[in-house]
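By letter and in written order, the chains are A, B and C; residue numbering begins at 1 in each of them.
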Amino acid sequence: MSSQIAPVEVTPSAAPNPRRWPDRLFHALTLAGALAIVVLILLVGWELYRGSKLALHEFGWKFLVSTDWDPVNDQFGALPFIFGTFVSSLIALLIAVPLSIGTAIYLTDLAPVWLRQPLTSVIEMLAAVPSVIWGLWGIFVLVPWLRVSIYPVLQKWLGFLPLFKGPIYGIGMLTGGIIVAIMILPIVTSVSREVLRSVPNLQREAAYGLGATRWEVTRIAVLSYARRGLFGAAVLGLGRALGETMAVTMVIGNTPQIAASLFAPAYSLASVIANEFNEATTQLYRHALVELGLVLLGVTILINIIALVLVRAITSAETRRVA
Amino acid sequence: MTLNEPPKSTVLPPSAPTPPPAAPAGEVAFDVRNLSVFYGANEAVKNASLQISARRVTAIIGPSGCGKSTFLRTLNRMHELTPGARHTGTIRLSGDDLYAREIDPIVVRRRVGMVFQKSNPFPTLSIAENVLVGLRLNGLRDGTLLRQRLEESLHMAALWDEVKDHLSRPGISLSGGQQQRLCIARALAVRPEVLLMDEPCSALDPLATAKIEELIQTLRDQFTVIIVTHNMQQAARVSDQTAFFYMGQLVEFGDTRNVFMNPTNPQTEAYVSGRFG
Amino acid sequence: MNSSGSNHLVRRTKNRVMNVLFVACAILVVSPLGFVLFDLFRQGLAAINWTFFTALPKPVGQLGGGMGNAIVGTFELLGLASLIGVPVGVLGGIYLAEYGSDRFNAWIRFGADVLNGTPSIVWGMVAYGVAVLPMKGFSAYAGGLALGFIMTPIVLRTTEEVLVLVPRSYREAALALGLQRWQMIARIVLPTAMKGVVTGVLLAIGRVAGETAPLLFTAFGNNYWNHHLTEPIAALPLQIFYYGISPYDDWHRQAWAGALVLVLLVLLLSAGVRLLSADWKKRGSS
């Protein structure tokens, strides 16, 4: 079949139709696009391994437990950053998860119907605000406010706890946790909402049928049914919190120390990379920073996999589409 | 005649107002032998053999789930799009084995056009583009020829007078019945030998249905038409021959009059007289 | 049931209290957006004028100057990122929607979701290793690459999602006309889902437009106009960061102005997404 022949040509040609090659090419191209995901995963792992080889070799497992971060003497340990990352993320979760789940319940079961869409849109907008802007706002608005109005009160009432002892700088671990909390509110809320929406209405109706009040319906029918999914939402929030970089960098204080007080400055894995990568003068220094990235990557991937499995188990039956 | 022989019904002279017959009226268009179709372990069509006449209207009737749509879709290899579908037996169109190893299903589908249960004009295309999309994507560029084909096809689908003044409106702006006729024009534009219709009127009101039935009568002069319908009156009205499927079996096949007036099989009689569980 | 009266009262009161708590949660969740927008306008609007959009940054100590190069640079970086993320993501999404087996698709989807959760600073390090080291210097290319890495899985997922919404009947009609599969996809399915695909692309652009961390050691920043994509390039988020942590009041003012512009850009994109997707859902359901 040559292309000059009018297209109504219907005689089947022998053997593989030569005009089918575009089909095969297109198939191959799209497959390459899908496999790009695999390539990206391998690339991330490979690049971070390659970039941290020296440090991996030099320090071994000691890297994870050493508190010594001394570029001048080529001594590198990750513990203060791991500590800072986890504690600030836990603070963020403690603040964000109850608020997010409460908001999700409000959105799915309580809010007047006309309000649901606008409220959802506002939460999406919240998610769209870039990290660096939260950081800027954190430095100039949140930090002074916390330092003057909130932290002294906190110290007055809870100062007997080691967590709230010591000088108040404004910047520090707690402030980092608060800013991260704000940033993970949208994702935890929207995933929680998905989870709650996938609770079959039958569950709610059964509880209402027993004469339960609205709150009892939520507690008995909705929350118990959705527990695993909501836990998944929280874990997903944790995954995001661990990797937050810019806003944390701008308010956490950037001091590699392990302090009992939440008012004390701290440091996180992502922040130290952001601050020091361009200043890393020796090979080993740079490799140590990339190894911090490797630790961060490993933890977030693990956390994300757990979260995805938890969330999917509950929402998939509902949201799977017919292809 | 084998497929590798020189073209038989190849290129239409573009000026020809109607396509030359694929086979003279009454001759065999489809020769189906021992056709069984499976979806996984489920046998949807069981060992059917029949010969469908060219340039006649053949109706396929039967209760839902009897395999009539599956049978229709094997005639242009559309059933292959369903994952897990396979078949045994042979189907020849004017002597050509449609399932021979070297045959491209795309070529089969150009010879055997299809109209679906619900009208489905492509939503992003205008009326004219909908009709011409098959020709254009097969490489036809000649503007006057396209224009001619457009008019012919819309005439054949009895739609020309209604749409000639707004050919550039979206295809989905038409009414349901008009959309279905647009889909018929779209199928006819590539000049197939056969037109398969899978319950083409099931989503239409009686007036629109009457128009389509009228249209089928005029199409039989030029095309082999095979229509699946759950409506027995419709089968009786429009078809020359009727095949009755029941639970995957081809129970009865013959002249429509005979199938409806003197069915040989008690199951057929029960179905056409409306006494069917 | 003697106690039913008081019990009932307790239950109802509890219900009330919980309702109030949920409303309070919702208010607390949305309030940061209000605060940040208020401060952005209050602090940023004053520093925005024509020079801000056209001029280069002034050296320390001199007042004035602008972020013209950073604004242009952000668009250049987004363009470069789209050159990678859009074709790769769209093609991959097509594969998942049209070709892949269920098992394969499930794995790719899972992989894409895991990539979506990977910290953006990690992508900066990857692009550093892939582009900065071999090219022996920071460049717009490296920055675009880092952002492109982030865009790809997002575009892929949304493309797949909108393509599977295209009714099967259009695909069948196209194939019944004797079209090849790629023609069916490229000429019928893709145009039908085009608004949805564009929505996904805008979503991805909006997501990376404010990214700072992956640019720190790829695009690097630049106080002058970028004349060549192989050179370092300024970007709005980078400039906001550098100015924000600087000790100069005038730079703080500029950082606020830059932040206002960036937020408006991102919110504009997200508004576009919502407009398009509302339209798309309406059409999909009709």
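In this text, a residue touches a chain if its C-beta (ideal position, glycine included) is under 8 Å from a C-beta of that chain, and two chains touch if they have at least 3 such contacts.
Just so it is clear, the structure is predicted and the values come from calculations on it, not from any experiment.
In this assembly, the chain whose C-alpha centre lies farthest from chain A is B. Among the chains present, the centre nearest to the common Cα mean is that of C. Chain B and chain C, compared by their mean Cα positions, are separated by 48 Å. Averaging Cα coordinates per chain places chain A and chain B 54 Å apart. Taking the mean of the C-alpha atoms as each chain's centre, chain A and chain C sit 15 Å apart. Of all residues in chain C, those that touch two or more other chains are 180. Residue positions of chain A touching 2 or more other chains: 20. Of all residues in chain B, those that touch two or more other chains are 106-107, 110-111, 138, 190.
Residues of chain C touching chain A in their complex: 11-12, 14-15, 18-19, 21-26, 28-30, 32-33, 35-36, 39-40, 43, 87-100, 104, 108, 110-115, 117-126, 128-130, 149, 152-153, 156, 161, 164-165, 180-182, 185-186, 206, 209-213, 216-217, 220, 237, 240-241, 244-245, 252, 255-256, 259, 262-263, 266-267, 269-270, 274.
Across the interface of their complex, chain B is touched by residues 167, 169-180, 183, 187-188, 191-192, 194, 283 of chain C.
Residues 76, 78, 81, 106-107, 109-111, 113-114, 116, 118, 120, 122-124, 133-134, 137-138, 183, 186-187, 190 of chain B are the ones touching chain C in the complex. Residues 19-20, 22-23, 25-27, 29-38, 40-41, 43-44, 47-48, 50-51, 98-103, 105-107, 110-111, 119, 121-126, 128-137, 139-141, 182, 185, 189, 213-216, 218, 236, 239-240, 242-246, 250, 270, 273-274, 277-278, 290, 293, 296-297, 300-301, 303-305, 307-308, 321-323 of chain A are the ones touching chain C in the complex.
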